[in-house]
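For clarity, chains are labelled A, B, C, D, E and F in written order, and residue numbers in each chain start from 1.
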């Protein structure tokens, strides 16, 4: 993919200043896309284009050289654009002269996708392998088969989906990361709570949020899907689990308990749980979910911490700002085994 | 302690039937104690006496042979009583003929205390040793010294106090059990959250609820103390930690972070937190606290599960009834390492 | 069924007075049933027996002549008992001498069931016929077939189930009555809201609460079932509808919209809705549900209104007492066609 | 009204582009109006001018040729303005050269008012006639007279007022539309709830929101009036009804029940009800109010649905986005009478 | 009023013991009164009789010698009864042999009323005089006249009514006491808040709760009246003020502001305010109301403090128990003028 | 401090118009300060500069003549700047040519500070003297010494701190003003509530919010401090009081009660109270705090009332708009002594 001039990020483009007229080229995602009709009856496109560093709005009229291409690209597409800086109503609104759609699979450099959207801080391949290991650790064969069947049905979609649109792990691969992190926590905690059936709890952890792979659609510009709005991830996940459990001929009571974990994991009815958790496994999974969601907010705030600032911005999910500097080491360390 | 006739539990006494007049002897705790004045100006005692199997009210007038002894015994005392079954207003209200106070330390048989009040299901001695191990695992010497200083100040009181009056771990040694269980969970989870300073989180876990050893008083008939009502366990614990930290010459910032864990561990302002958790350690401790509190409710409901019942009573803390039967084993177990 | 002496209601039995020893016979429902073990290791039954006029507790020991029969009867059974008045702890607690189980189908006089439990004020047969008419009014054949399939699967259970355990239409046939009343309201309102697809709304009304036929079990002493506690009536109804829709080869989008009505009809997440209503039909059904629930509380309070009282007791569902006397006629009526 | 150049909507004006200097003419409403004083002591006007397609801010200094005219026009006036495009701080802020006030009654073309503000989708004349029919349908003469007296007192104001500033039916004639729609629903539902006095319920529906005709003032730029802020529409409506009822010599108990419907129709104290609904009529009216408010939100979202979008924006009153496409017809329609 | 045997309080009667059969005489209030019909068609009375020390239920059948007298007495009547102790279902339920109604005005000894119901701790005559003084202190003649007109209309009812049924000042003369206490506070605070019109605030304080004299009926056994249930004290007070203000020809704006104080004094919509306080006077009155309500709870808890107890029972209105012992004097007092 | 050209306020600067290029000079506060790194690795400053009339953002690159000076000034500094008007992205973003830091103590004219930030409407010197008088009025010597010790420790910081960042008394000297106003109210109210220990209540009023002097830092651009975020003003104030009380050898119970006032003054747990008020003094102080906070919102809205507007903007703390015009005088004033 020959590139002249070099690609600029949105932040770089905005830094070119207010004078207008400078040429630029960028690799961007179509975040919002709407076809509208002007007063004179002519159609035009109202777009939001962006990358990880920011975004801008852009109106493309029917006589633009890029109108046809962008109209066919649609929301979530990756586009390489060239144009000149312009402002409308005081906001950056470039005039585009060239545009081409780029397939995500053609982006040879992984860093390119990282520049386009936020990604999980952990390597997706490692997470995927670790997920497979947790699936394999489910001891009852039919239960393991049911878990595997859900992931087989979802395929790649599960691996790239976000875990949320705005609260925690709200980025590409976030659902995978959150699921694996919860599995690690369940692995660590189950020996401490012997009244919990480890096998069932682990299966519940792995499957609890699988409905989100359907609730959200698009990985570069994710939004709530039609099924997400009409059914919600709790019921979508329940249905996935039910189908897989019946296919795997899972014992009826085990299936009922597994479905119950999915139905109750949100913890409170007003947060979307269909019922309150009523088995030891369901209580544990809902509490680990809450714990890892909060810790995910902490981790993201630490990653994004500005160099000179002691505290993060106020984080809605934590209802406070987070102290982002590590504690001091103390004067020495002569004991301790933990 | 020679005993004729044999000691009956409150449940046994109630089972003697409504006819009245039967003689009985019991070992009981004075759960409620009030001195009142009758219309004729004479004082009388209004008592609630009970053991683990139940309780009954009992009025003792000034001319009773046990008046003086019971008046001096006071709330929380262990008393051995003899008397005859009687009813007042349709409720069991025995006439007592003999009474003697028994020192808790004189109860030779541990089962006797178990019959009087609910106890932690774990052996207190083992818990105490495990607690000492967690204290020793704190690597920074001053931090470890501060933790130790709080336990030194509280002494036995911490070891027998309940963790609550009504919600979770609300029984003798419950505070010790809850603290050790949380330490186990922190030990298990810290490797998964490297952004958390393990040392500080462990110290925070060990100390977070120490104010409860002052907030509640009495271990056989615990109630909120004057300081508990006027300051609350969050501030009482903060003050314990502050004093111990200054005595141990703990680094000022470490002490501030340790105090913050105590001040924020309740998780929400309306649950009594002074501030919202604003460090990685404080977020983790507050989430583990919530997790172990909920699992403690599960464990107690399982211990108390009636033989023939599939579900427990509705549990206020879980907002549902708990399914108390274990899941079925499934058809086989050919894989799994977890 | 020859009867000597004549059957007394619980209210009649209680009116026999406190002296004890009087003989009586009653037809009652076993409302609560538990097998317990006494201190001496012997089993005994702890029962609550009642009819529409009240109830009493009753302990039956292993040496009682009715022990075996009542142990096998279980919760919800109808029993004919004879015995003598007795009191325990000041409460009526008769000693039973004879007992026999009576099949509900053998109760020749409909008034007998009415005396046992509260019933819908409308004739169940008429309601059943009206329900069939509403099913037949669904115009799209596959949609009508799907609705019919759900009722075919549930059979009699739907016709006798209550609509709730405590709030509205909480009595035998209450679910049928509530469903038919809502269908009448939908029939009346749909012409006023042409943006609502009448066919889909009617199907949604008929099916929205069908999960309650599974959530509650027992019609004489109903309680929440295992599936009710683990899944809730919203998900149970969704599953019934989904299965029936697929069997009827209902168009996928129609099925999705029908499922959405069931999933959203509770109106608020904290009231148990899986998602908020997001189609015109779902909004209308959830509002009619709320309206008829409130009017059902009004109707029941009017039926139970005491003769001399202007206001009912405070009704929790209305958060006030209800004025139960009709308004005055006014001075004349010379206009109006309404 | 001769017009050169042709009148442009605000959207058209904004579409003229950022260059500035272009001449334009528009017919607009003065939405916000404030007289302020500059640092040099000179007065200037801070205005918001707009039509249905949008609005812009505009500062008019004392030396402007339109200063005197606009100062006397005030909030809610209709003005015809001419001027040139200009920008201030990046926002459209035209310089006005000519302005004239236009009486609403002089707008010969109904479409002109429609362009200025949002209107009810139903024809106001038809609604007015239908309202009169509902008034006439009230059978008790004094009750009918009381209803009529309220509308006589309010006159035109009731017919053009909005039903809200932001939630439902928040547009010109919205109050009339909402009232008539509720009357239709009451008409349809009363036969189903015979415990409801139809006459009283209909009178209550017609009058329940009449206080809003006083709570809001202005129909082109409505806002909360002084009396609206100090008393609220519930009490204002109660006072209107009380006065009219006494004038019509309405039976005291009927009047009390009619007043109660007005006082309780908001449904919950926190939504502004003075008391909870405590008569069958009041419960029904409050439920119909809630139902039609929600359906009004649905109807407006359907009217405003963008061509290419499956879902509306998130609607605060429904707490979700609305699916705006109609359901598919299905494969046939061979049955159904409903 | 000759009395043999001496009158016993309910507490005394209950202290006579469970044997039954003892004769007694008491002066009591009919707290609850209902005429019911037995299974045999005969009417009987279901009563609750009590005094300040307690109460008991009592069933009076048609063949009782006191049936006719008690039937005509009705709720709130004072009755002198004689009878014998009896128990029903384990609860005191005496058989009455004689009964006579006593007019409240015939109770020569003020202590007798004090024994029947709880009274304000302040002397009602003094409070009444102080109220008159505050009325006289309103400077604007028409405003003063309006205030006076409301008290003239209410007469004695205002002087004896409680200020609540359960929260604060919930006893005879409690409304008068609460009003005077608030007037004292307003008197003390107005000089500190010069932006508050003292005259208007004082009139608002005096009138704010006058609707409660109608909302509650009966001073010996107060309950919510029909008008209280259908309109609530806020609207009832508003109507009293409006009528009095128009009679006194009060300036329209002053009347509107006075009405606003009444309509907003509850402070929050969910506590029953019609609107939020929107004038300086209304904000101050609502805050003083809240302050004196809370202090009234404190005062009552102190009056009822048990001799040996450091803390009161938990007070729902304060959400805690109150420390009822005074603080220690300290070591000396050498300064201070305040 | 010679000044050419004359200093302009931010409002004046913005009024210079959009053309750009005009020279100006201003005295401003650095409200927000951040050092960032550009894409080319060079540092730049991102500032917000403002005075009481408004603010603007400003980017200062490393090659700017004012870079070094502003970098060392930091947040909260007062700077005298000169430059030329410029716009970036449609917002005022001047280019600065000169800058100098001005010590607050060097501002000879008090009006200058008033132009920079909002101040208490009362004279700080008078408030300070009045505070000293209230301290002196505390009668118990050790209690008075404890109060004095807290103010001695805080020094000037207490005198200039705001009482809040956004709700009430949120301006320079606001904490002093709020404290003195509450002391006046306590002085006025204590004689009316004799159950309140005046001495203790006054000490509690004076100290209740002293933790805010630490919770907020900076008086020209105040923000929450590290200790404010980690401990909150309730605990900070408690610690101040505890330390001072022990230093003054205050009686242990008096100190406990004084600490309790501080710990409970926020009134509700969700507003930050550590415990609910449980002594008469604590209840009174929390209610006066609430009262003066609300009246402070009223006073500020009246001070800021726009000339031509009858109502203020909607005030979040009052949940309504405030009527800002005084009530009419009425027709005369012939009585009243109040």
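We take it that a contact is a pair of C-beta atoms (placed from the backbone, for glycine too) under 8 Å apart; a residue touches a chain by one contact, two chains touch by 3 or more.
Since this is a predicted model, take the numbers as computed values, not measurements.
Shared contact partners of subunit D and subunit F, listed by label: A, E.
Work out the mean CA point of subunit C and of subunit D, and you get 43 Å between them. Taking each chain's centre as the mean of its C-alpha atoms, subunit A lies 42 Å from subunit D. Residues of subunit C in contact with two or more other chains: 87, 89-91, 229-230, 257, 275, 278-279, 311, 320-321, 323.
Here the touching chains pair up as A-B, A-C, A-D, A-F, B-C, B-E, B-F, C-D, C-E, D-E, D-F, E-F.
Interface residues of subunit A facing subunit D in the complex, by the touch rule stated above, are 34-35, 38-39, 87-91, 224, 226, 229-230.
Those residues of subunit B whose C-beta lies close enough to touch subunit C in the complex are 9, 11-12, 15, 17-18, 87, 89-92, 306-311, 320-321, 323. The touching residues of subunit B, when paired with subunit A in their complex, are 134, 136-144, 181, 184-185, 187-193, 195, 197-200, 202, 251, 253-254, 257, 275-281, 283-284, 287-288, 290-291, 294-295, 298-299, 302, 311, 318-323, 326-338.
Every residue of subunit B that touches subunit F in the complex is listed here, in rising order: 227, 229-232, 234-235, 238-239, 242, 256-257, 259-260, 263, 268-272, 274-275, 278-279.
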